[in-house]
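The following pair of complexes shares a single chain, subunit A, combined with subunit B in the former and subunit C in the latter.
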Partner chain A sequence: MEITLELIVFTILALFTVVSAVLAVTTYRILRAATYLLFVLFGTAGIYFQLNYSFLGAVQMLIYAGGITVLYVFSILLTSSQGDKAEQIRGYKLYSGLAATLLSLGICLYVTLKHDFRPSHFEHGELEVTAIGHTLMSPDKYGYVLPFEVISILLLACIVGGILIARKR
Partner chain B sequence: MFDFSIVTQAIHTALLSIMPEGLAIFLECVVVGVCLLLMYTVIAIVMIFMERKVCAAFQCRLGPVRVGPWGTLQVICDVFKMLTKEIITIRHADRFLYNLAPYIVILASVLAFSCLPINRGMEVLDFNVGVFFTMAASSIGVVGILLAGWSSNNKYSLIGAMRSGAQMISYELSIGLSILTIVVLTDTMQLSEIVERQADGWFIFKGHIPAIIAFIIYLIAGNAEVNRGPFDLPEAESELTAGYHTEYSGMHFGLFYVAEFVNLFIIAGLAATIFLGGWMPLHIPGLDAFNTVMDYIPGFVWFFAKAFFVVWLLMWIKWTFPRLRVDQILTLEWKYLVPIGLANLLLMVIVVVFKLHF
Partner chain C sequence: MIHMEYYLIVSTIMMFAGIYGFVTRRNLLAMLISVELILNSVDINFVVFNRFLFPEHLEGFFFTLFAIGISAAETAVAIAIIINIYRNIRNIKVKSLHEMKW
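Moving on to the complex of A and B:
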């Protein structure tokens, strides 16, 4: 296997993502965990950009890094104070957590190793945005108009619920 | 019209003749990165000098005059002062996050900055979702500001960061809506393509009424997005000392400061690109002699002239209006700008569907 520029970039991104992911679950400070999560999302966005799927990369950055993480940080700022630390995990919690981790690792490895991947290659040129838009809005076989509308109703319900909870009167 | 891609192509072929392709691309990336950071710094220095002079003009003062001719060396001296100052570390604070926060802010700013097309063939990041990517990149800055406010272990910083976060998240919506209005008109999101489509008239003229409304909304929301102008209450010095960067000193403060000014330039540059034609000269259909004369002025001159004109507009707003209260800011956004923006988007769709634009 020859070493190409793409492989080096992918290795750096993958290492960055994995290390941040491990740090996110092992740190005891919750805001640091949120920051490492941000790095994980950056790493995955980088991989999308490397695959030339810039739309998904930009969505990843806008929705997850710029939206969800900000939401997490906001709620952490509102609920926890400086110096809050997570408790050490002991006893049966440790073992059950370990078992769950090993089980999910096993499933992931099984699926990854069992799957028959097509030979990997990097496509040059980007996907047309109009193609994405038509697919998102088409009611045909591979169209996504129903999930799209369902998600928008879900979000509307969330907004109404949030206002109902936050309203004083 | 001067095409910069001739230069980059020449460098690329020259490099390819002496080394393999991977190494050449890597070297080019490094060179482009260094040039980008250099330009970033130079623009920050120019912007700070301009801010001080424009502010002085609006307040009937002179501004810096002592260092260098007309005070031009003042900001450069300030930069060196900032570089030599001590970076204070705070006790009982999360030092990792405290040191990380300014770099997240600057990272978001540089990413958004690299999307701006400066000349024909002179754009660093040019995805076909360029506008979308620019917004995505600039939305990361909020995280840095929130982290800075939290990890400073200071309630003024925290309040400033919360205000800033709420404000930036809200006004991102208006920016998105006004940009979307122009995307409806162009049917493309690629920034270089958006500039090319303005060869026969800038979008603010082609889109007439909805484009002008979108431009005004964009200017208001853009000023709020960079925490300036009448919307600078995250750093309201009378109540919060300096907001989220109260505890920062030396170059860490400098990074926040530089990022704020370059963010202002990015907002202005994006406005120039999508509303005023970017590097495209002023073309009037029918007047061929006039268009040829205009083509002799290189593209980057047009781009910087337009961008600094918008910057000047934003500075005018900043030094004219008093600061708003936080509830007034949120009311302005959610009760006025967003509904107007949505109605304006609908108006633009009608204009495009019935081909009422020029």
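Moving on to the complex of A and C:
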């Protein structure tokens, strides 16, 4: 397999994402964990861009990196005092968690790499935004107007619920 | 061309990092961050399967789009609950959280 620019970009993105993901769950400071989560989300957006799904990458950056991370940072600053460190987990809890995770990771990777997928192919070319819009708004067989409406009601319910739960009594 | 399996390896490692964090973390916000990692890895899988195996359809694309929206909603409600917990018991450790009804 020759080294192409595509492969180099993918390798950098993959390493960035994986290292940030591992650091996000192993660091002791919670604010750093949120920052590493932001890096993971940026890396994922990069993977979407690399797969020629620019719209999805933009959505990922706007909603996840722009919205959710800010929400996390604010709630961390609201709920933890300065210099607050996560207690170090030790002993059999750490080892059993690590062993279970690594074992399942091994099994999953083995199954994924052993499995014979149907022949995959990758064509370059952007997915047009008009196609996305038409599919999102069409009530036909492969249309998504019903999930679109349902998720708008869900978001409204979440706004109301969030205000109701978090308000001062 | 990059093989599809490479993307799946990245998402698998991310998913199990999230599971490890969910099992070992004792802080509600850190557990929520781990859940976010798990959701994100599943999104990558949807997109990759859509792109490489069924490029003529858009199912995985829209699943990811809706999953991003739903996870935003889930995070908002979870953080509201966590802030409410903090207001009542003054910390967000799992250990000191015995009941959620006041």
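Simple rule for what comes next: the second predicted complex is superposed on the first by the 138 of 169 C-alpha atoms of A that agree within 3 Å, B and C clash if a C-alpha of one lies under 4 Å from a C-alpha of the other, contacts with A are read in each partner's own complex, and residues count from 1 in each chain.
We take it that a contact is a pair of C-beta atoms (placed from the backbone, for glycine too) under 8 Å apart; a residue touches a chain by one contact, two chains touch by 3 or more.
As the structure is a prediction and not an experimental result, all values here were calculated from the model.
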First, second, both or neither for A:Leu5, with subunit B first and subunit C second: first
Which superposed partner A:Tyr48 touches (first subunit B, second subunit C, both, neither): second
First, second, both or neither for A:Leu38, with subunit B first and subunit C second: first
Contacts of A:Phe16 with subunit B and subunit C, given as first, second, both or neither: neither
Chain touching more of subunit A, residue-wise (subunit B, subunit C): C
Subunit B versus subunit C as contact partner of A:Met61, first or second or both or neither: first
Where subunit A meets both subunit C and subunit B, residue numbers: 59, 67, 76
Partner subunit A, residues of subunit B touching it in the complex: 22, 25-26, 92-94, 96-97, 100, 127-129, 132-133, 135-137, 139-140, 142-143, 146-147, 149-151, 153, 158, 161-162, 165, 169, 187-189
Sites on subunit A touched by subunit B in the complex: 4-5, 29, 31-32, 35, 38, 54-55, 57-59, 61-62, 65-67, 69-70, 73-74, 76-77, 82-83, 126, 128-130
Subunit C partner contacts - residues on subunit A that touch it in the complex: 6-7, 10, 14, 17-18, 21-22, 24-26, 30, 33-34, 37, 40-41, 44, 47-48, 51-53, 56, 59-60, 63-64, 67-68, 71-72, 75-76, 78-80, 86-87, 89, 93-94, 97-98, 100-102, 104-105, 108-109, 112-113, 117-118, 120-123, 127, 131-132, 135-136, 142, 144, 147, 151, 154-155, 158-159, 161-163, 165-166, 168
Contact set on subunit C toward subunit A in their complex: 1-10, 12-21, 23-27, 29-30, 32-34, 36-37, 40, 43-44, 47-48, 51-53, 55, 57-59, 61-62, 64-66, 68-77, 79-84, 86-87, 91-92
